[in-house]
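Think of it as A, B, C and D in the order they're written, each chain with its own count starting at 1.
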Amino acid sequence: MIYAPILLPFLAAIVLGLTGTPRQGVIANAALSGLVFLLTLAVFTAPGSGLIHADALGLLFGTLTGFIAFTTALANINYVRGAEPRLTPQLWRLYHALCQIILGATLLGLYADNIGLLWAAVEIATIAATLAVSLPRTPSALEAAWKYFILGGVGIALALFGTMLVYLAAQPALGPGLNAMSFTALSTHAPWMDGSLLTLAFVFILFGYGTKAALVPLHGWLPDAYAEGPAPLTTALSGPMLNLALIAILRFRHLLQANHASGGAAMAPGPFLLVLGLASLFLVGFSLSRRRDARRFFGFSSIEHSGIAIFAFGIGGPAAIFGGLLHMLLQTLIKSGLFIALIRAAALRGSTAPGNYSFAHLRGLIHSNKYTAWALGGAIFALTGLPPSGLFASEFIIISQTVQRNPWVSAPLALGLLLCAVAILRNLGPLIFGHAPPHTKPVKAAPEMHLVTLHLALAVILAFAMPAPVLNLLSSVAGALQ
Amino acid sequence: MTYSLAHLMGGILLLSTFLLLSQRRLAAMITLYQLQALTLAAAAFWQGYAQSEINLYLTGIITLALKGLLLPLALREIVHRFNLRRAVETAMPMALAMLLGVGLIGIAVLVVLPSTMSAVSLTREDLAIALSVVLLGLLVMTTRRNALAQIIGFLSTENGLVLAAIGMPGMPFVAEFSVALLVLLAFLVTGIFLLRIREHFDTLDVTGIEDIERRGR
Amino acid sequence: MRRWLPDDSGPGCYPYPVTNDLALMVGLPGQGVHLHLDALSLLFLCILAPQILASAVAGMRASVTFWVFCAGMVLALAAGDAFTLIFGFELMSAASWLLVLRGDQKPATFYIAIAIFSAACLIPAVFLPASSPVSCSIAFILIALGTGAKAGLAPLHSWLPKAHPAPPAGVSAIMSGGMVKIALYVLIRYSFIILTGAAQPWWGVVLIIAGVASVVIGALRAVLETEMKTMLACSTIEHVGLITVGLGIALRAKAMGDPALTAVALQAALLCAVAHGLFKPLLFLGAGEVKHSTGTTSLNWLGGLMRGQPRLGGLMLLGAAGMAAIPFGPGFAPEFLLLHAVIGAAATGGILARIGFTFVLAALGLGAALALGAAVRLIGIGFLGRPRSLHAASAEDARPGPLFGMGLLAVLMLPVALLPGQVLAALVPVVSQLAPQADMHPLAYTPLPLLLLAFLIATATGFVLHRFGVRGTREVAPWNGGFGRAPAWLPFGDPTTQPSATGFAQPISRAIAKAVLGKNGTDPADAWLIAPIQRLHLRGVRLAERIRRATIRQRLGVVFAALVLFLAALGLAEGG
Amino acid sequence: MLTFALRLIATLLHAALVFALAPLLMGAVNKFRAWALGRRGPPFLQPYFNLYKHLRKTTLVPETATELFALWPVTAFLATATAALLVPSFCTGLLTAPASDFITLIGLFALARAAAMLGGLETGFGFGGAAAGREALFSVFAEAALLVVILGFALLAHSITINGIAVAFAAGHIGISVSLGFALAALLAVALTETGRIPTDNPAGHLELAMVHEALSLEYSGRFLLLLEYAGMLRLLLWMNLIGTIFLPFGMARADDILSWPLGLILWPLKLGVMAALLALFEISTAKMRVFRVPEFLGAAMLLGILAGIFLFVASRIGT
């Protein structure tokens, strides 16, 4: 059962990559993504065992990934219709294949119980994403892809080195063999691992997966990749990829913490994570003010949210981890909804090609279409964590935990959040309510706006009326990974 | 005997990486890289013999074939085709780069020092060497402006990774397979990139890209 | 009351046993929402309710955002735990931000920045452990900063005159009359109830200093501003300052164990909140109607509105009487109590404190007279005299909705104005809740006997005038210092011969404003606080841009440097 | 019961005397000033004639005035008159004593001033507006100075009602101190400003540009002007009463002790006469200030008031 949602996208990628017109491809892509989503739900009944088996964290984020992939694929239908002439049919085939590969790789990473497999999944996802960014074949897209490739490649190399060091550190406890690479075995035997090697490993893991999670100063690739690639693929679908990297860091952090807490030689993981988290918050807070391109802008905002999650993991303790995971869940929902709306907004103004996402081009959206404007505005607003956005709950938990566990860092955290939120909201007014460019006519809303509303509503429900099963699941994860 | 020989090879690898750092010319860098790969292959064979692991022999063969022979050939082809025989300009004075290299090795040693390394065939020194090679490779990447030189730095980093991997006792095959895959795919993608970049910038020099970047947005 | 100051079991300690309790279904995951009403929150709900009603009647009832805004305020007041409180508080800020944004985009960013700043102070403050006096003091400072920023307390007030005039009048009314009260409610809630055990006299001093600064700056700017709504917003700063001075004196007196003074100061603060919650929305609604009928709220373009809009003008006169704190108006009793409290406070504490209170008294006198000047200017320039523009000349009376809302507030002002003693009696439970040992005396200011006196005098004078004087009046051309009549095409005379709002304020501007405000009348908070922060921010932005423009190699270099740095730190930490 | 009756009689007597003698006091000041300048001056009763003249004149209303034109003089007069009833004249313990809180008094002053300023702005012509702006400026300092001054009295007398202060000061426990001297100077400065005398304003001036109080009533005539002028006279009497009660408390009667009345009734006009003479002397010996010197003048008064307070604290008469 567990293999189905992982294998299906890879198999589908082969088919989609070889045959089909763009229109057939996009329908097939949507149908397949929907199927994968259902399969991720089905995995709850049979989480599997051995090399690939999903724990509660994997299940939860796997479902989220499936859901996002599904909604993105649905929104994709309209996008491809509009953007069809921009790419050759072969490239569209590649595009759809890459959609499926990224989905499959992300699910593989989430469900894998093996640190090597996790690394391989991240690598596949990175290569696929690099290819995806280069798809438009424009100089700036190639440049962005090149940047992504170099920085991502270095990150992957560092992550591999870290992975090997973890294996080495596990030798005293688990001995050689596959067992020393299993998360399940590692976390139960963490106290007996070689602490100082584990710390060294963690630094490499942090830099490796941190590059993938786009933590400052490892973030260099992300804004350009967001801005230059084909919109749905590199933006909406990338949220789950960031989550994958963050979850990887969280899992390794738990090893270090467990070793440290039980008196091992490992250092506490907190300071490393806090430094990177705060650096992300502040750099983004300052960088956002000068952004003119909306996709780059929200790329930076993704960096911010990775930073917040990492910060929460750095604070540690079940509640902060809970807050961090909740933040990731909600942020992914909101951000992918936002990008769906943003692509629609660009379509309202003529074209969804990269370069049509500048704020000056999109401004006064309410004069083009009210529903789109409100949905986009709502999503942007939700990013800031002001109520009624769901992120308020997660940020509230994180700040409160920070104050109780490490009061002094709550000041820079609060300041960083303030900076980012203000920088985001500064753009919201002109974007939604400003004067539209001349000759703007009202346009009808597209059906995918309902998807955005669904995303936002889910984010609110998940934060403020969390269903008991989800709460239990998240709580148990947070408790286990504290 | 086992350890000292493994040691020796690690030492050669480190030395060649260090020399890589000091090289200005692309052709020489490729030669050094080739030397590195060959040493690595030998180390893999030796470790395979010592641990009697069939996987390590396989790794050795892959390294020898792909990194020791194929890759350098391809690199030389690129140098030849794009007429890059001229000296490589570095972004940093050589002396400073070497000094930094020495510093990096120091840090690698310092970091590895506290680990206990019990019941492992890989010694502390081996780990320090592997770490040094990784770091020096990264240093090469950051001190060169030329894309090809950066790629060579990256490749040398991967050599360091493989050196570490072959020393790990009983490391499942997954890792080596992944490394091979990475090298293959990485070069594949790089090749595509290089061609594209040639298409658009008429040169392999990454500075062309940087110019676009500088315009900002 | 649950978890106002959460212990370590705060929202921590997951996993929680999940029950089927409805309260746990909504709210913070696993924690739920807790509501709680006591005398204090009921008082503020009572302050809030008429404003909301009046604004809704005045034309805001169709706006969803408006109702969200109100819901946020009510939720903050009804909150029984920290999460609900701050959720409501920020919901209120966010909704009002949207309303400000729809009105005027320029101040909206500043406004939301302040709102988030207050959340960024409040959330940590709420969760600081109450174990040591130091952490309690830090919590208090954070609470004061967070609520002060939202209430418009100096030096964090400079957003208020920019943001409050931006939205429609009904929203401005509630922002000025209600929203700042919610912030003060949180301040009262924490400083008097939750942190009560740890309260120290200097907490009160902090509030007094901030309050006095607000009074002086707010009142001074109120006299100088020419936009009616901006001027009203400045006056709000002044009244927030007055309330805060009262709270500060009460807090200090409570910590020093002076029950009588505590009671007087608390009564002053609460009564001021009640009164301000009535007349300020009234004035804002009126300003909105002025805007509606003339298209402007600039006093320099108005004049003579009393002729075309007698009902609106009369209601505005009542509101202005409250704002000016003159006897028989709703604003006098709180001012009276407050001055008594300051005089009482000057009789306590060390010599420095006493001298300080002397200055406080002087500053409050200054503020009161300036507020009077502002109110006179509002009525005298805006509603009396001759029209300064055709729009003002042709203004028709206000629409029934807003007039009804204003009338409602005016009717509610009557008991506060004429029966302040009875209103204070109704506040007794609140005062006892805030300071259980408070020692309350009846109010020495009794408007009704004074009114009786005035009535007797009026009767006697009227009799004399009627019996011995010449009756009736004759309408003539104004004397105007002997100037000739204006030509026929200027039915209201030459507008430029009339003193303008700027001209009225010119003596004060020349004599006082130069000393208190910066060049060109800029707010000192703008010059000394906001501008440096903006410069700092700009520097950060430039640095971030430089980082962003890095080439691939430089980015790689940064990654590499960071890695080496982390490794070196690791090596030093483990090896050293 | 008897006490109440006595107090009622005293209050009625107080009211009658205050309302009847206010114009006379104004006449006395004018007469003394004329004498001091070596002129014969108008008769003592001249203010009564003036008021009667206004009573017999038709009241003119400018076309540009609003319906509230009549409200301002009436309000200004009523506020001043009410205040005048609160301040004791020849005896303490009037029926109005409980309401004679100093802050209520300041409030009534403010009300009267606001009404006068609005009256000045009513018709929308230049002089009234300019004068209103100046009046607003003066009041800023005057009110602050007055508050600071009464702080000293309140702390010395343990009471903020004027009656209480008068009783305490009359009891003679206070003695003479530096701080009281400062307070007197400050109070005099405020009183001169409030009553519109030289050096802040010139009641006899005829240049509209330099007027403050007079310019506010330029458009009023007939009975409105009567009310405004009468209010001015009452204000002068009120302030003299106030200063007399606080600084010359000797010989003041007690309302419930009818035997003390005669002395009080004799001493009161004497005190008023002396003060009127001193005022006249002061007025002829100083020049009117420029408008923007007045804030400095009043600022100095405020500082004096603060100094009075500080000396009071330093003297630690009231604990540390």
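Assume a residue touches a chain if its C-beta (ideal position, glycine included) is under 8 Å from a C-beta of that chain, and two chains touch if they have at least 3 such contacts.
Predicted model only: the values in this text are computed from it and were never measured.
> Centre to centre, using CA atoms, which chain is the farthest one from chain A?
Comparing chain centres, D lies farthest from chain A.
> Distance between chain B and chain D based on Cα centroids, please, to the nearest Å.
One centre to the other, that is 97 Å.
> For chain A and chain C, what's the span in angstrom between their mean Cα positions?
One centre to the other, that is 43 Å.
> Can you give the whole-Å distance between the Cα centres of chain C and chain D?
35
> What is the distance, in whole Å, between the centres of chain A and chain B, each centre taken as the mean of its C-alpha atoms?
A distance of 31 Å separates the two centres.
> Send over the residues of chain A in touch with two or more other chains.
Only 146-147, 150, 154, 158, 196, 200, 265 qualify.
> At least two other chains touched by the same residue of chain D: list those residues.
In chain D, no residue touches at least two other chains, as defined above.
> Which chain C residues reach two or more other chains?
Each of 545, 548, 552, 556, 563, 567, 570, 574 in chain C touches at least two other chains.
> What are the touching chain pairs in this one?
The list of touching pairs comes to A-B, A-C, B-C, C-D.
> Report the residues of chain C in contact with chain A in the complex, numbered from low to high.
6, 8, 10-16, 18, 25-30, 68, 72, 83, 86-87, 90-91, 93-94, 97, 101-102, 105, 108-109, 112-113, 115-117, 119-121, 123-124, 126-129, 135, 537, 540-541, 543-545, 547-548, 550, 552, 555-556, 558-559, 562-563, 566-567, 570, 573-574
> Provide the residue numbers of chain A that touch chain B in the complex, in ascending order.
Answer in residue numbers: 114, 116-117, 119-120, 123, 127, 130-131, 134, 139-140, 142-143, 145-147, 149-150, 153-154, 156-158, 160-161, 163-165, 167-169, 171-172, 175-178, 181, 194, 196-197, 200, 265, 292-293, 296.
> Name, in rising order, each residue of chain B that touches chain C in their complex.
91, 104, 107-108, 110-111, 113-114, 135, 138-139, 141-142, 144-145, 150, 206-207, 209-210, 213-214, 216
> Show me the residue ranges of chain D that touch chain C in the complex, using the header's touch definition.
55-68, 74, 77-79, 81-82, 85, 96, 98-99, 101, 103-104, 107-108, 110-111, 113-114, 117-118, 120-130, 132-134, 136-137, 139-148, 150-151, 154-155, 160-161, 208, 218-219, 222-223, 226-227, 291-292, 295, 302, 305-306, 309-310, 313-314, 318, 320
> Flag every residue of chain A that touches chain C in the complex, lowest number first.
Checking each residue of chain A against chain C gives 146-147, 150-151, 154, 158, 196, 199-200, 203, 206-207, 211, 217-218, 220, 223, 265, 267, 272, 282-283, 285-287, 289-290, 317-319, 322, 326, 381, 384, 386-388, 392-393, 396-397, 399-404, 407, 410-411, 414-415, 417-419, 421-422, 425-426, 428-430, 433-434, 463-466, 468, 471-472, 474-476, 478-479.
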